Every structure is written in C-alpha cells, then in structure tokens.
C-alpha cells in the first residue's frame, strides 16, 4: 500500500510535468518544482551531513585505522558550519551574504578550497598522459581509429602540426594538420555527437516512461 | 568605405554626443511644453513612424503583446531619430503612458507588462516622450491566455508517436511476447565482475556519478545499482557506494535495501553501504581515490553523470588493477572511460542497462520501443536529406512540400 | 593573512600532488581537510540560498505559501530518522523522481531528438536549408554527406533489438568507427584544458608562492 | 591555427628551457630503448616527464603568436560590431578548478566589452562562480577601468542557486530571480535595468564555463526561446560536444586556452592599449605546446612497445 502511494505520486507528477509543457497556464510549474527540489535537498543534507558525523565519530571512538584524520574532518566540518551559520568575521554582519568579500567564510574558500579543488583537478594532466601512454595502443580497429583521431587533433593543437604540413599547397589546405583537426571536429565528430545525442534522447524518453508507468521501481524498493 | 568612416573614433564621439544631445533635448522639451510648442524650428522634429500593428502573443499566459510599426522616414541612420518610445493606454482609461523604448532602426517590440483581459491601445513616438511625433493609434488589443500551446503541436505529435511505440511494445511484452535484445558487452560482464570480487574477497565500488537526483543519469545509475546489489546480495560480497549528494545517499540506501530484501537477506544489509562524502566535486573525488588505493576494490562501477573526475577515477581504478565498468551520457567524458576502463556503456546503453539487466519482458519491450523511435528518426533523416536536396536541385512541388513539411515538423519553437 | 593563506594553499597543493607518488599521510591530511571543509561549505551555501533566500524570504515577504509544500516534503525526507515512519521518506523521493522523469522526458525529446534530427536534415549541396543549390564548397558538400551518413550509421550501432549481422552489422561497424573518431577527437581536444589546469597550479607554486616568475 | 614564422619569438633566457628539454629528450631516448625491449615504464615516470615539460617553459617563458579560428573570430566580431551601450550579460558558470582555463576568457570579454562601452551584467549559476566573478571585477574592471561606474556601466547580480531553474525564470523576468543585485540594491533603481525585463532585452549573452549548468543550459533554456545570440567560452573538454550547436544555436565558441589566446591576440590587434596587460591565455601556450609534444611522444612509444611485444608473442 505504502508503495502504491509512492508509485501513484510518481505517475501523477510525471504526467503532470509532461502535460504542463503544452498548457501555457502551467508554464511556471517547472520553476516551482525546481524550488521544491532545492528545499528538499537542503533537508536531505541533515541526513547526509549527519551520516558524515556518525561515520567519523564511530571511526574515532572505535579507534579504527586512520582515526586521527577523522578528527581533522570533523573539526573542519563543524568550524565551517559555525562560521557560515553565524557569519562570523563577516564585515556585513548577519545581514550580508555569507560569501561577501573579505568574510571569514570566503577567505576560507579562497585559501583552502580553491587550492585543493584546483590541484585535484590538475592531477588530470598527469592521468591524461599516463592514459595516453597505456591505453592508446592499436590493439584493434576501433582502438586504432581512436588513436589516430586523437593523434591528429593533438598535433593540430601544436605549432608543429602546421610546420610538418606547411609544404602542402593551399589548394589542398584541408590536408594541413590544423585544418584537418578542425575538419574532424566539425564533420565526423559532429556526426558521432549527434548519433550519441539522439540515442541518449531516446534512452531518456524510454526510461522516463518506464519510471512514470511504475515499471522501473528499483529506487522505491522491490519488496515482494 | 562608409564602414571605415563609421569606425573613426572622432565619428564615434560625435555620434555619442549627438545621441546624448537629442535625448536631453527630447526630455527637456518634454518637461516644458511651452518651449516645445513654440519654436520647434530650433529643434528638428522627425516625421512620425508609420501605423502601429498590435497583435496578441499566442500560446502564453496572456501577458504579452507584439508590436510592429513602420520606421519614421527620418530614421535613416542619420540619428535624427534617437529611438522609438512605446506608449500605451487602456481603452476608456487613462491617457498614453510611456512603456518602454527601443533603439532607432528597430521596428518591433514585445510588451510583456500588459495584464490579461485588459484592452489596450498603442502608439509609437520618437525622441523621448509620447508627444514628440507620435504615430497614429494602434488597433485596440486584448491579450488573452490560450489553454493549449498549438505552437508545440509538432512536438506533441512526434512525441505521441515515439512514446506511443515504447508504451505499445511494453504492453505487447506484457502479453508475453518475447523480443530479441542483442548482447551488450558491458552488461554481460556485470555478473562476472561481481563474481571476481567475491573470489578475491575484495569489495565492490559503485560510484553513481556526482550529480544530484535532479539528473536522469543519476536515476539511471540507481536503477542499475538495484540490479547490481541484487546480485551482490546473492554472492554475499561487500559493496561500497560513496555518494556526493545527500538525496542520492537516501535513494541509494533505499535501492540497496530493497534489493537485499528481494534477495531474501535483509539481515545482511547495512546503512554503511551508501555513505555521503561531500557535495564538492573534487573533495568527493579525493575521498573516493583514497578509498580505492586503501580498500583496493576488485571491481569498480562508474555509472552516472561524470565530469572531469571521470579519468581521475578511471586511472586510479586501473592502477589498482580493478575491473572497471563505466558508463555515462556525457559525451565529453566517454572517451576517458573508453580509454581507461574495461567496459563502457555509451550514452543510450546507460539508460537501457537496468531494463537489460532486469530481464523482465516489459522492460525489454521498452527497449524494442525505443528502437522503433530510432528507426523513425532515421527514416526522417534519410527522407529529409533526400527530399531537401532534390527540392533544391529541381524545384519539384512534391519534394519541396515534403522537405518543408519535415522541416516544420522538427522545428521546436520553444 | 595573505602570506598565511599562501602557505596553506601551497601546503595543500603539494599534499594533493603527493598522491601521484603514492598514498601517504600528507595526502590523507589534505583529503580529510578537503572533505570536512567542503561538506560544510556546501551546506552553508545551500542553506542560505535555498532555505533563507528562497524559502524564508519567499514565504515571509513574497507570501509564496506554496513553498511550504517543499518544506513538508523535506520534513518527510527526515522521517527516515524515525524507523517507525521511515517509509514515508519514499514519497518525496517518488515526487522528485517523477518530476525529473517528466521534465527530462520532454526536455531531452525536443533538444536531443527533434532538434538534432532537424539539424541533420540538410540539403547536401548547400551551406544551409533554403540556400541555393551548390552554394556550398566541395569540402562542405563532403562534410554534409559525411555528417548525415555518419549520424545514420551511428544510430544503427545503438540498435538493441537487431543482431548486428550482414549489411546491418557492417553499417553498425561504421557507426562505432564514427563514434570512435568522436571520442579520439574529444580526448585530443581535452588534453589542452587538462594541461592548462596543471599550468595554473605550477604558476601558483613557482610564481605566487616561490616568486620565481617575475 | 599557427603561423610558423614567429614561432620562436623567444622572450627570455632559452638556456633553462634547453637544459630541461635536453633532460626530457634524454629521458625519451631511454624510454624508446625500453620500449624497443617491449618493457613498459612505471606511470610515475610518465608523471615526471609531464611535470618537467610543463614547469620548464613556465620558469623560462616562451610565447607564440596566434591567429583566430573562425569560431573564435565570429564571437569577437559580434562583440566588436555591437553599437556602444549594448547590453551584454556575462555569466561565470565555472569553479576554481576550471578557472585557469576560462578565467582568461572572462577577463578578455570584460576588457573588450568595457573598451566598446557596452553595459555589462555579471552573474553566475555556480555557487563557486561568485568569488571568481569578484576576482575579475577586482583585477580587470576596478583596476583597468576606474572610470566605469557600478550600476551604470556594469552591474553585478552575483550567484543564484537553482541551476536551469534560474534560467527558466530570468528568460521571462530578471526581477523575479534577482530582486536586487549582489549589493542588495533593488534592480528597479539600477539604471542598466531600466530597459531590461528579461533575457529578451539583452543584445548578447556570454556564458563562460564547462560544466552543468552551463552553455548547454543557456542555449536550451534562453538562447532558443528568446533568439538572443549566445556566445561561449568553455574548457577545451566540452568544446567538441558544443559543436552541434554552432553556428545555429551558438554564435561563437572559445575552446580552452587556445581559444583564450586567440581572443587575446585578436583583442590586442584591435586595441593596442591592452598590449601591456597580462594575457594568461597566450602565456600558457608555451607549456601547452611542450606538454602536447611529450604526450604525442608517449603515444608513439606506447605503440612501439606494444608492437614489439606482440611480435615477440607471435614468435
């Protein structure tokens, strides 16, 4: 019974949103749902954040491996919460936006989160290199095509691409690697992109229908 | 050549000066009609713009009116006309009020400040207020709200056809019709991958992307998690689902729990299987990376919405020698999965996965249905390309007709 | 203050980088700081933005009482904390999933299917729909044909309900090749952006921190 | 595209570069020998190579000149051709992680619009975009254009949560989503907004980002319905998947540092006064090039060792 209600909710809301597109008076429905979602998400955080605390506190109390680091996490978490909620060290006081210039909260962001996230992101440079060394090998035809396309584009992004093929007469300028690179981006790449996009579109449509009709219900629990 | 002149900074300055002047002039004389009326010889008053046509904007909530007028003969780019000033009044009500203004050379305006079911009249004046060289009054117009957006009827029709085909085949399958579905390598490998983890006595890592429940890919990932954790429950292997959104954590727990119940082992389920890390993209990645190198999972599922982290996770997973099954609908990230993972679900396959894994006829039916959708799209593409090309080659009525039809059919207005 | 910030930044930057060598206490430390602080940061941002700016202001000042529905759904979510009524948290979940499915169904339909098909329906010998015949250069004509054909083949690859055999299989093969070119291109194109991120960090280390770049 | 001529327009001491490149070169030879023996190298060595080839050109700068590709030129020309006082919205839809790549674009756009005396509206769909927006404000607007006044020449709306939701609203009404600007000044008392109700009233929208919500959302939720031209500056990674939208739904596109560099050089070509300002895009092209070459080398080496080992196996 409880689950039937849930399925009905999905069915009703889903259909409603689909229909709303064709009915001008219901245009604003999307915005409303977006607002609702944001609000729900914050409530949900009490579960997520709560779980974060629980996990690390147990780790701490049970003196599990690496429990020391749990202290760091816990401290960091609570400190930010306190600073942010009471807007400590915020020039504008409680009225100002939490991310106001010069606020302690913002400083924390600039000096701790910015370096951390951008460095984590920067690691990609290394992984891209190791991946291209390890994975870009002409194992089979697909792999070879992937490899060649990537190689041409890469070359096209360097001055050497131009230098290597500068002897090519302008009548055949398409064969100059940088142009070749751009051409690949605009033709074959475009075709692939479109095929993938249309496919995705159909995938989403069909999955949404399954969900709305309650055929796909794994996320709601499958008690038998 | 004119263009050259136009670019001259001197000219620019002059032009800006002129605009400022005209606007000032306009407003001054607006404030003091006495002067405005007496010697208009000093102030050049351009000829009024031509007739104003007001039409209701269709398929809206009745909050907008389309205006169109003929430019003033003096509006020849010589800046005698600084701009057009749209004035409006309610019929039988107050006199004309300035609503808004547009630059010279503009001949249309959408008034979004009207109220439904009130009747309005418009006129367009130049240079600053409603009294300088106003046009004739427009037709009176009553913006109203439509109940159906016929502008989207093509979307509706095609949508009906494709969604219809999906539903039809689901229903068809319900009546016990079996459909052939080709093997999808990535999904064939799921059982084996889980089995491997069981043998090695190592955990399984399932990453449902980094977006919240408001993204379909996350939902798709969770539906797959349902199938996976069902198998995991049977094998009695350890599964970790670190997530970067609280809502996803909740949903993931719900999903795993029910799978364990379905497998008849509710006792084996624990909330620790799905844990929230942090909303911050790279904070989450840092943590998951750490998890990988410390717990050394034998199998990694990377399914859902991924951004830059795709390769970080995939390469780290690879460095610990895990079997990796990845999938996303983000074209930008697919290459990295293809390069660094053992199996990759490309776009549509991600959404088809749970249906495929479920093995239920109904779900299989939906796959058949979306294939029909694909077929339709392909037919339209082929037909469209051919007819449009032919229509261009020889202007034969039927081709032009078909190609135009197809074109209108697929143009999405809003 | 700035100096301290700089050093903290450098410390954390190197901490994360050290992961490239192998997992180590320095990384673990940076990681735990990262997780703790960022989790807090996001909650605060969301809180002030959704609960305060959107909900509280909306209800108290704009009088958008319908927002209470959102709040109620949120509370239902929290019911999980009480085992007895935990099941009710499924309703907001069902609500969200339903809404998103419905929303994306139409959205993807028009943007991914309709629009992409429309963009593919192109006269092969002209630069664009409605342009005169042979307005396109030879190159463009080849492109048009390639794009149309490639898209078609790519779609064939995604067919689930038909064995990839014979002519159909061959087309599917071409399709996957086209897709592979796409992937290769994307990968190659991406390297650049990845590098720039690293360059950015190096700038920070060598320039801002060590002051080696004038 | 590159012009080979000024390729080696070396700015400062080449010694350092040549030394480090020598190192890389030797290393490569060593790797080649290993590969010929079909022995793969540890990934950490790969990492080391990347580290050197990137940091060397940073410490000893080298710059190449750029000529804009059409897709960049188109956007530049649009900004250039708009009459003064046109209303341009620049949205900072990225985070610090993406910043090194796209912030240069943001700065370039801002400079260009200011030089053209456009009215600029700054906003962000990313919580993390706010502080980066402030950075550009501080670094470009305030320092280089002190004469420009807040609220008259530009306005900062700042960040609003709600992703596409925000766009769904502002497409029909700014004030509904942004009752005030970031300094809580009501929009009605901001001059720029006298004539702006919704996105329809803008002359150009430039979204800078690379994630979600980002350019795609701007195009689907704002560009298509309102027909307002949309330009974009994106991380190179997302550029390819945006090509389907160009040129119909997307006016122009800056992809990655190269895009930024091209825009910068084009900007300097039209506005010599920007000769002196820092041009991170151009500055970053040096290390870029070296890193690319190294990666290309890796792909080659990888395949050598692959083929050698396969031949061994077949024997």
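By written order: A, B, C and D. Residues from 1 in each chain.
The working rule: a residue touches a chain if its C-beta (ideal position, glycine included) is under 8 Å from a C-beta of that chain, and two chains touch if they have at least 3 such contacts.
Here the structure is a predicted model, which means the values were calculated and not measured.
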| item | value |
| --- | --- |
| Closest chain to global C-alpha mean, per-chain Cα centroids | C |
| Top chain pair, ranked by number of contacting C-beta pairs | A-C |
| Relative to chain B, chain with the most remote C-alpha centre | D |
| Rounded Å distance, chain A centre to chain C centre (Cα mean) | 4 |
| Interchain centroid distance [CA atoms averaged], chain A/chain B, Å | 16 |
| Chain centre separation in whole Å, for chain D relative to chain A (CA means) | 19 |
| Chain centre separation in whole Å, for chain D relative to chain B (CA means) | 22 |
| Set of chain D residues in contact with two or more other chains | 43, 47, 50, 54, 95, 97-100, 127, 159, 161-163, 237, 240-241, 244, 258, 288, 291-292, 295 |
| Chain C residues counted as touching two or more neighbouring chains | 16, 19-20, 28, 30-31, 34-35, 37-39, 41-43, 45-46, 49-50, 54, 77, 80, 90, 93, 96-97, 101, 104-106, 108-109, 111, 113, 115-117, 119-120, 148, 151, 155, 158, 179-180, 182-187, 189-192, 194-195, 197-198, 200-201 |
| Contacts with two or more other chains, residues of chain A listed in rising order | 21, 30, 35, 37-38, 40-41, 44-47, 49, 52, 97, 99, 109-110, 113-114, 116-118, 120-121, 123-126, 128, 130, 132, 134, 136, 146-147, 150-151, 154, 157, 185-186, 189-190, 193-194, 196-200, 202, 204-205, 207-209, 211, 219-221 |
| Chain D to chain A touching residues, read off their complex | 1-4, 7, 40-41, 43, 46-47, 49-51, 54, 64, 69, 95-100, 127-128, 130-131, 134, 158-159, 161-165, 168-169, 182, 240-241, 243-244, 258, 288-289, 291-296, 298-299, 301-303, 306-307 |
| Chain B partner contacts - residues on chain D that touch it in the complex | 43, 83-84, 95, 97, 163, 172-173, 195, 197-198, 200, 211-212, 224-225, 237-238, 240-241 |
| Of chain A, residues touching chain D in the complex | 30-31, 34-35, 38, 97, 99, 101, 106, 109-110, 113-114, 117-118, 120-121, 125-126, 128-130, 132-134, 136-139, 147, 150-151, 154-155, 157-163, 166, 178-179, 182, 185-186, 189-190, 193-194, 197 |
| Footprint of chain C on chain D - complex, ascending | 44, 47, 50, 54-55, 58-59, 61, 97-101, 127, 159-162, 210, 220, 235-237, 239-241, 244, 248-249, 255-258, 284, 287-288, 291-292, 295 |
| In the complex with chain B, residue positions of chain C that touch it | 16, 19, 22-23, 27-28, 30-31, 34-35, 37-39, 41-43, 46, 77, 80, 89-90, 93, 96-97, 100-101, 104-106, 108-111, 113-115, 117-118, 120-126, 129, 131-133, 148, 151-152, 155-156, 158-164, 179-180, 182-184, 186-187, 190 |
